[in-house]
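The data blocks that follow each hold one structure.
First subunit A sits with subunit B, and in the next complex the same chain sits with subunit C.
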Partner chain A sequence: MDFFSLGLEHVLTMPALISIVIGTILGVAVGVLPGLGSVIGITMILPFTFSMEQIPALALMLGVYCGSVYGGSISAIVINTPGTPQAAATALDGFPMAQRGEADLAIGWATMASTIGGLFSVGVLIIAAPQLAAFSLNFTAIEYFALGVFALICIANVSRGAMSKGLLAGGIGLFLATVGVDHVTGDMRFTFGSFEMTAGISLIPAIVGLFALSEVFIRASESTQVKTVIAHKVGFRLPPFSEWRPRLWLLLKSCMIGSFIGALPGTGAATSSFIAYSEAKRSAPNRDKLGTGEPDGIIASESANNAVTGSAMVPTLALGIPGDPVTAVMLGSFIVHGLAPGPRLFTEHLDLVYAVFLILIAVNLVMFVVGALGAQLFTRALRIPEPLLMTMVVVIAIVGAYGVRGNPLDLVTAFIAGVGGFILRKAGFPLAPLVIGMVLSQMIENSLRQGLLLTRGSFLAFFERPITLSLFILTAMMLIWPVIRWLRSRKKEA
Partner chain B sequence: MTIIKTVFAGLVGAVGLGAAALAQDFPAKPVTIIVPFSAGGGTDITTRILAGPMAEALGAEVVVKNTDGAGGTIGAAETARAKADGYTIGMIPVGPMTTQPHLRQLPYEPASFDYICQAYSAPSALVVRQDSPFETLGDMLAYAKENPGELNYGVQAVGSIPHVAGLGLASASGAEFTFIPYKGSAPTFKAMLDGSIDMFVAHISFLTQNSDQVRSLAMLTSERVLTAEDLPTATDQGIPMNFPIWGGLVAPKGIPAEAKAALERACEVGMNSEAFTARMGELRMPVAFMGGDAFEAFVQSEFDKNDKLLTEAGIKQ
Partner chain C sequence: MAGASWASVIGGLIFMTTAYLLYHTFADVYQTSILTAGRGPVFFPRIILAAMAVLSLMVTIEGLREKGAEFRPREILAAGGAIVFSGVYILSINSAGFVIPSMIFTFLMPFVLGYRGIWIALAIAILYPLSIWYLFEKVFLIILPSSPWLELF
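Up next, the complex of A and B:
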C-alpha cells in the first residue's frame, strides 16, 4: 500500500496530469490522421521527453500510445480509411454504419469498446504482469509460427461471400511483405536491382494507398449526380445498455484476445483486432450481419486493439522486451530516464510500476472524454463537401506515407497501392485480407525458418510442443467449423 | 534567440549572398543528422543526447531524422547522396559502414564520406542467461567443441557485428555453433530468455540494463573495459578478440573544410558536455571521441577486418 500511495503521489502532480491530457489528445489526433500512427506519434514526442521529468515523460508517451490506437477507429468509421493498421478491421463495419448516417453511434460504440478494452488490459497488467511475462516465455519461434498460421484463418473469415477473392488478396499481402531483406539469410528478394526496394514495402504507406487513396479514386470515378444525400448525424451517441447487454460476452472475449496477444512480444494490435473480429464472425450474436454495419464488428476490433496497450507493457516492464515498435521506442525513453525495465523494476521501483498503472487508467478515461468531444468535430468532416474532403485526404495521406521512414519510395508505394486498391475494389476484392497477409507474412515466414533451425530441420518436432499442437488443432477446428454448421443446418431442414 | 538568428541568417543567405557567404559562416541554418535506424534504438538515443549539446556548440539547431530500412543502408545512402554542404550529415554505425558493403552491392562505400568524428564506441560482450551452466568462455568453448553445432548462437541480423563476432569466435577457437538469425535485438533477447538460444553478443549498455537476467562470459575487447573493470575479456581468457559497436558522424564527400572543422569541434564539445558524459556513465559506456582523420583510418581498418571475416565464413557475396 505504501508503494501505491507513492505511485499516486507521482501521478498527482500538475506536470503529470497535464502530460496525460496532452498526450492523449495528441495520440487521438495522430491516430485519426491516416499514415501518422502510433510509432510516428511516439517518435514525434520523443525529443521532448528527454528534457522532461520521468513521470510526466511516461505519461505523455502512454497517452500518445493509447490515444493513437483508439484514434485510428475514427477515420476508419468516417472516411473508410483506418488511421492506423490496428483499426483496419474497424472499417469493415464502422464505415457501413457511417454510410447509413450513424457515424455518431459508430463512434460511440468504438469509443466505449476502446475504453473498456484499454481498462481491461490495465487490469491484466496489474493482476498478472509477472505471471503473464513468464508465460510469454513459453512462446518460442515455433509457437509464433503456429499462432501466425492460426491468425491467417481470419482471411477466410473476413472474406465470406468472396472467398476465392479474399484468399487471393491475402496471398498478395503475404507476398508483398517478402520484398526486401530476407531476414534469415540476409539476401535480397524481389528488389529488381533497385537499391530503394531493399527497404521493402512498408505497411503504412501501403495501407494509406490501399484505403485512403483508393477511396478518393473510387469517389472520383462515381458520378456525383446520382448520389443520394445522406443526413449525417453529427456528434457522439452512446448506445444504451440494453444494446450492450447481449454483446457483453463478445466484449469480454475480445478484451481477452487482445490482452493475450498484446502480452506476446512481437505481435501487435493489428493482429489481435483481426483475430477478435474473426472470432466475432464465428460466434457473435449478430454474426450473420457482420460486415454490413453491425456494432459487433466494431466492438470486437476496437476492444481487442486497445486491450493490447496495457498488456504490451507486460513484457516491456517485466522482461525489458518491447511488445511492439511503439513500446520499443518507449523502452528507449525509459532507459534515457535511467529506468531499467526487467524483473528488478518490480522489486526496486514498485512505486514507478504503480505510477504506470495509474497513468494508464487515467489515460483511458481521458481518451473517452477526448473521443466524445472530438466526435463533434470529426463527424462534421462528413458534411464537408466531398471534393474538399477528398483533397484533404490526399494531402494527409501523402504526408503520412512519407513521414514513416522518410523514404521517397514510400510515396511511390502509396500511389501504386492506391491504384491497385482501386482496381481490387472495383473487381470486388476485399482489402482487409491483404492487410492481414502483410501483417502476418514476416512473422509466419521468419518464425517457421527460425523454428526449423531450432529443431535442426525437423517439422515433426513442432508437433511435440503442447502449445503449438493445441494451436494447430484449434486452426483445424476453425477450418472445419463452417462445414459442421452447414451439415447441421442441412440436417435440421431435412 | 538562436532560432531568430538562424532564420535571419537563412533569409540573408536566401536573398542573394549566395553559397559563398553561407560557407564562410557555417552554420547558417539547422543541421540535420540522419539516423539510419528507427527512433528509440541505441543509435537514435545516443544521437539525440548528443544533438542538444552539439547544437549549443554550433549555435544552430540540430534536427535528428530517422531514415530506417535494410539494415541501416538506406539512411547511409541518403547521407552519401545528400548535398555536400555540411547541413546534412549522418550518424552511421559500424554495420552499414563496414559489414553491409561486403554483403551486397550498395550505392556507397567508406570512400563516399567525409569523416567528422567517432561519437561512441561500446564494448560488446558475449552474454548468456543468468542461470546458464557456463561460467567462463573456456567452459562454453569446451562444451561447444565436444558437441559441435549443438549450442545456438542468436544473431540480431545476418552480417551484423554480433554475427561477425560469433564467426570470429568460431574461427579463433575451432568451436562450432548453430547461428539463428532474429530480426533485431529485442527478439534475440526474447529468444535467449525463452531458451531458444544459448548466447548472443550485445553491447555494454544492454548488459548494464539487464544485469539481473543476463551475464557476460567475456567482453569482446583487447583490454579490460574502463567502465567495467570487473568483467574478464575474451583476450584475458586466451582468445584475442575486439568487436566494439561504434558509430560516428560522417558527411557526404567534399563538404567545405570550414563546415567540417566546425562540426568536428561541435562534436568534441558535445561529447565532453555534462549532459552527454553523465548519460553515458549511467550506461557504463565509455566516452570515445575520435577526430575526423583518426576516425577515417579506423573505419578503413574495421572495413578490412570485417571483409576478411565475412569472406572466411563464406557470407560475403
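Up next, the complex of A and C:
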C-alpha cells in the first residue's frame, strides 16, 4: 500500500497531470493524421521530455502512445483513411456509418470501446507484470539469452514481407548495436579508426531516421499531388446502454484478444484488431451485417487495438524486452529518463511502477474526454496539407535526434538511417526487427557470453535448463513453421 | 524501366558488405587476448555476420524471382529531391546553426513534396523554426546548434 501511495503522490502533481492531458491530446492528434502513427508520435515528442522530470516525461509519452492508437479511428470513420494501421479494421464499419450520417455515433462507439479496451489492458498489466517480473528473478543469463533470441525471431517472423528479409533486418540491427566499444573487453569494434564512432550508433537518432525520415522520403516517392480531404460532419454521440448490453461479450472477448496478442513479441495493435474483427465476423450476433456500418465491427477493432497498449508494456516493464517498435522507443526513452525496465525495477522502484499503472489509467480516462469533446476539432487537423506536415515532422525529428546527447554526429546517424530505412522499405524489408535487434543486441551478447562462462564454454549445456529448452523449441518452431506452410501450399498447388 | 528487383540488389549489397566485415573480424587488431578464450570482441559480431551472409544470399536469390524494379522519373526526382534537401539541411545545421537552415528548409521542402501555396509556406517557414527554437532554447533550456554569424540564433 505504501508503494501505491507513493505512486499516487508521483502522479498527483501539477506537471504530471498536465503532461497526461497534453500527451493524450497530442497522441490523438498524431493518430488522426494518416501516416504519422505511434512511433513517429513518440519520437516527435521525445525532445520535449529531455528537460522534464521523470514522471511528467513518462506521462507525456504514455499519453501520446495510448492517444495515438485511439486517434486513428477518427480519420478511419470520417475519411475512410485510418490514421494508423491499427485502425484499418475500424474503417470497414465506421465509414459506412459516417456515410449514413452517423459519424458522431460511430465515434461514440469507437471512443467507448477504446477506453474500455485500454482500461482492461491496464488491468492485465497490473496483474501480469509483477508476476512475470517475480518469475524472471530466477532467470540466469542463459534464460535471458534464449528469451532475447525468441523475441527477435518472433518479430522477424511475423513482420510484413518474407521471413528471410525480417531475419536479415534483425541481424542488421544486432550488428549495428555492436559498433563501438565492447563493454566486456573495452576493445573498439568496427570503428575503422574513427574517434566519433567509438560511442557507437545511438538508438534514438537511428529510430528517428528509420521511422520519421524514411516515412517522409517514402511519401515523397509515392505522391507528388496534394490530396484534398473531404470529411464528413463530425460530432460525438454516446450509444445508450441498451445497445451495449447485447454486445458486452463481444467487447470482453475483443479486449482479451487484444491483451493476449499485445503481450506477444512482434504482433501489435494492427494484428489484434484484425483478429478481433475476424472473430466478430465469425461469432458476433450481428455478424451478417459486418462491413455495412455495424457497431460490432467498431467495438471489436477498437477495443482490441487499445487493449494492446497496456499488455505490450508487460514484457517491456517486467523483462526489459520490447515487443514492437513502439515499446522499443518507449524503452529507449525510459532509459533516457533514468528508468531501466526489468525485474529489478519491480524490486527497487515499485513506486515508479505504480506511477506508470496510474498514469495509464488516467490517460485512458482522459482519452475518453478528449474524444468526446474534441473529435470535431481533431478532424480539422486533416486539412493540413501533407507536404507542410511532413516538412514539420523532419524539423522536429531532427531536434529529437540531436537533443538526446547534443552530438552533431547523431544528426548524420539519423540521416543515414533515414536513407537506409527508405531503401530497405522500398525493397520490402520490415524495419521493426531492425530496431528490436538494436535494442536487444547488448542483452543477447552479454547473456551469451555470461552463459558460456557459466557452462564453461559449452553451448549444449544451455539446453539442459528447462525454460531455455522450451524457449529454444518455440524459436525452432517459429523458424520451421513458415517452411512447412510453404511446402504445404506447394503440395496443394501441385 | 525495369531490371533486377530491389530486394536482390539490396540483398547483394548487404552480402558484399557482410562478407567484407566478416573478413575484417579476422584483422590483427581483434586478436587481443588469450584470456577471452575465443570469446573476444568479435565473437558475437562474427556469429551475427555469418548468419547475415547466409540470409542476404537467400534474399538475393529470392529477389531474382520477384518483379524487376520499376523507376518512374518523377518518383526518383521527388524522393531524390527530398533526400538531397534533407541531407543538405542536416549538414548545414552543424555549420550554420538550427534556425536559418530550418527556415530555408521549411520554406523549400513543401515545394519539393508538391505543395504550391507560397505565402502559407513562407509564414510557416518563419514561425515554425522560431517557435521550436524558442521552446527548446528558452523554455526547455536545451541548446540547439547555433549560428556563427548571428549572436541570438
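Here, the second predicted complex is superposed on the first by the 270 of 494 C-alpha atoms of A that agree within 3 Å, B and C clash if a C-alpha of one lies under 4 Å from a C-alpha of the other, contacts with A are read in each partner's own complex, and residues count from 1 in each chain.
We take it that a residue touches a chain if its C-beta (ideal position, glycine included) is under 8 Å from a C-beta of that chain, and two chains touch if they have at least 3 such contacts.
Quick caveat: nothing in here was measured; it's all calculated off a predicted structure.
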| item | value |
| --- | --- |
| First (subunit B), second (subunit C), both or neither touched by A:415 | second |
| Partner chain in contact with A:185 - subunit B first, subunit C second, else both or neither | both |
| Touched partner set for A:454, first subunit B, second subunit C, both or neither | first |
| Touched partner set for A:85, first subunit B, second subunit C, both or neither | neither |
| First, second, both or neither for A:333, with subunit B first and subunit C second | first |
| Contacts of A:395 with subunit B and subunit C, given as first, second, both or neither | second |
| Subunit B versus subunit C as contact partner of A:47, first or second or both or neither | both |
| Touching partner for A:406 - first (subunit B), second (subunit C), both, neither | both |
| Partner chain in contact with A:319 - subunit B first, subunit C second, else both or neither | first |
| Residues of subunit A touched, compared between subunit B and subunit C (which is higher) | C |
| Overlapping contact positions on subunit A, where the subunit C interface meets the subunit B interface | 47, 50, 184-185, 188, 406 |
| List of subunit A residues in touch with subunit C within their complex | 47-48, 50-52, 162, 164-165, 167-168, 171-172, 174-175, 178, 182, 184-185, 187-190, 213, 216-226, 385-388, 390-392, 394-396, 398-399, 402-403, 406, 408, 411-412, 414-415, 418-419, 422-424, 426-429, 444-445, 448-449, 452, 457 |
| In the complex, subunit B residues that touch subunit A | 38-42, 44-45, 48-49, 52, 64-71, 73-74, 77-78, 103-107, 152, 157-159, 178, 180-183, 186-187, 189-191, 193-196, 205, 208-210, 212-213, 279, 282-283, 315 |
| Residues on subunit A engaged by subunit B in the complex (per definition of touch) | 39, 42-43, 46-47, 50, 137-141, 180-181, 183-186, 188, 195-196, 198-200, 265-266, 315, 319-322, 325, 328-333, 335-336, 338, 340-344, 405-407, 442, 446, 450, 453-454, 456 |
| Subunit C residues touching subunit A - in the complex, by the definition given at the top | 5-7, 9-11, 14, 21, 24, 29-30, 32-33, 36-45, 48-49, 51-52, 55-56, 58-59, 62-63, 74-76, 78-79, 81-83, 86-87, 89-91, 93-94, 98, 102, 105-106, 109-117, 120-121, 124, 128-129, 132, 135-136, 140-145 |
